[in-house]
């Protein structure tokens, strides 16, 4: 991965490592694409969310991804990012059923449209990953 | 149309049981107070969120509460409910540090104000529970 | 009512008349209070929402207030305005049960916290109006 | 705790009947499609919003749809669901002008972008229903 | 530009003039297209936002556009309008770097997804305007 | 100011310096209070928003504060933070009338309730700063 302005700091490297643990090559590809247009922001995206927050050990990566999938579903304004994090949730070992469940639960807290639009994202990511629906 | 799991009958009782597991007597008190003014809505609150959703076994109660704390923090429009669910997260066995972490993580997805206002709720609930801050 | 910059146009007067039909003296008091600090904005508030929109005849005032109560409940960021419009809904002849119902319905579209916080506003306004809860 | 109206049993059937009254075959098709991937959630969607809420008699279906169209327009995060409910509003007998008006009114409560995006949905649904714009 | 109901008032004309200063022919085209389906709302869009608000002299047009680009990025529910205002920000003389910066800053106040989706809009508008990214 | 874990990095110090330029002693007091309960988050708050974003030179501090006041008004979920930034806007040299104007403008993009609630915050901060309303 070649970013235009590799900062070379520990924090940046820790962020890249963490991003890779969270989402694999797909996460790095998102950052790489962003960096072609907005290199500074791509660096912040690696450093703060991943180098600072996700790298902390007080919460497991599975729980972090459940939290993020739930929050992005509830907000309803972040479809591309929800896609990334449904994928990431699978990547860190969440059961497909756990992901569906966290999204469904958002019907309670953010309404049925939020949950329905979240499930549409789940369906799309699961299809790309070869996970058949309905779950057994 | 054939549904996989046709519903049973004691949805309300299942909801009350689940609410008690999730939040103890404090959860029941919320419903009781609501029922004095809006009895039908109190019943729906027991039946759908708790009798239908939380009662499902595909996601653990700790994960459900992490998801809810994260989502309510991100939405920023549900302070009374966030209080209930920070309490509930402790009640189902989340570590105080896990709750703080899930709220902090929302700075990434919903901005610093959302996380700051969520931490203010955490501080209030932790104080009432005798949990000293900063965490060791 | 003495506003600092009474525009004297038909639109402004039509707005004041409409505001009075919608919310009675209480609506005028809100505008008057606002005008002491922000007279231009008070004028816009009379002219656009009331002089332009509410004054139109394509939707009845009862339906307008149901729509507004529902929307403000769903948004969850407008408690003072929701108070005004629960009062206004009563003032234009909505049945108390219709108002409760529109707020409850928002559990479906914006989640239970939105509906619960909306019902708390309803309870407060109904108490001030001497409407006993639960409704018969 | 004594509830005023202890629930019956045929909630799912009542929900299907109500959904059909609200939106005709198009509503059933939405549920059927959802049920192919997420059967449990499809059941909840029938049971709670339609079997519990819309089936209540305290608010007319026309008013319910005005409320929902207004709220979804204001939220701005539920375009597919707004489409369904603009269609449903027509189906339960709302005048096209009433629907346009409720959406326009949201400029006051949620801003011009919310109203503009709501009108774009209205235009699409009206075109599919053969309703010419501008309205006479 | 032929609108169905040209109001001919000073306010309407002031709004059109202001809209043209803010966004050039592209802004007029948006209104014209809207007026074909919703002529009354097109008139309000000219009169209140542009004839009333943008026409005021207490804040410069560059600052107004920075404010609008920031707010629409933060809300995350107004992509078509954000496009218009990124274009308008360039039109009133904002430096491309200032626009990128205002959008990036929203990561702090509304989260990284809001900023990322805002930057995607910036990229699209800049491409159409021949502004190369990354900025030098 | 005594923080529990002074990182001693350039980024942290740059953030503190920038925060002081933006909001004076009042900004430092907010961070200090936060650090007593959540020291890590207080550090992130200094480092990312101020050390990374506000410290950049592509946008002036006055424009940054106009953008933030507008966005927080539009979001409607960040009253304590809006207070801080109305104060900060004055501190970096925005004219009181510019601040009022940016908040009023949000009526267009986020609705009248958002603007009204923003103006209530403006009134409170202006009163504490001895700025009389209405502005001359």
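Per-chain residue numbering starts at 1, and chain names A, B, C, D, E and F are given in the order in which the chains are listed.
Going forward, a contact is a pair of C-beta atoms (placed from the backbone, for glycine too) under 8 Å apart; a residue touches a chain by one contact, two chains touch by 3 or more.
In this text, all values refer to a predicted model and were calculated from it rather than measured experimentally.
Engineer: Between chain A and chain F, how many steps is the shortest route if every step has to go to a touching chain?
Structural biologist: Between chain A and chain F, the shortest chain-hopping route counts 1.
Engineer: Taking only the C-alpha atoms, how many degrees of rotation bring chain A onto chain E, rounded to the nearest 5?
Structural biologist: Angle of the fitting rotation, chain A to chain E: 120 degrees.
Engineer: Interface overlap for chain C and chain D, more than half of numbers shared or less than half: same or different?
Structural biologist: same
Engineer: Looking at C-E and B-D, which pair shares more C-beta contacts?
Structural biologist: Of C-E and B-D, it is B-D that has more C-beta pairs in contact.
Engineer: Among the chains, which one keeps its Cα centre farthest from the Cα centre of chain B?
Structural biologist: Between chain B and every other chain, the largest centroid distance is to E.
Engineer: Distance from the CA centroid of chain A to that of chain C, rounded to the nearest Å?
Structural biologist: One centre to the other, that is 40 Å.
Engineer: Can you give the whole-Å distance between the Cα centres of chain A and chain D?
Structural biologist: 31
Engineer: What are the residues of chain A that contact at least two other chains?
Structural biologist: 40, 44, 48-49, 53, 56, 72, 74-75, 77-78, 81, 100, 104, 106-114, 134
Engineer: May I ask you to sort the chain touch graph into line, ring, star, complete or other?
Structural biologist: Here the contact pattern is complete, since every chain touches every other one.
Engineer: Within their complex, state which residues of chain D touch chain B.
Structural biologist: Against chain B, chain D makes touches at 1-5, 7, 9, 11-12, 31-32, 35, 39-40, 42-44, 47-48, 52-53, 56.
Engineer: Applying the document's contact rule, which stretches of chain E touch chain B when the two form their complex?
Structural biologist: Against chain B, chain E makes touches at 74, 106-114.
Engineer: Can you list the chain C residues touching chain D in their complex?
Structural biologist: For chain C paired with chain D, touching residues are 48-49, 53-54, 56, 58-59, 62-64, 66-75, 78, 81, 95, 97-98, 100-102, 104-110, 134.
Engineer: Hey, which residues of chain F end up touching chain B in the complex?
Structural biologist: Answer in residue numbers: 4, 34, 36-41, 44-45, 49, 72, 75, 77-78, 80-81.
Engineer: If we count contacts the way the header does, which residues on chain D are in touch with chain E in the complex?
Structural biologist: 75-77, 100, 104, 107, 111-117, 119-120, 123, 133-134
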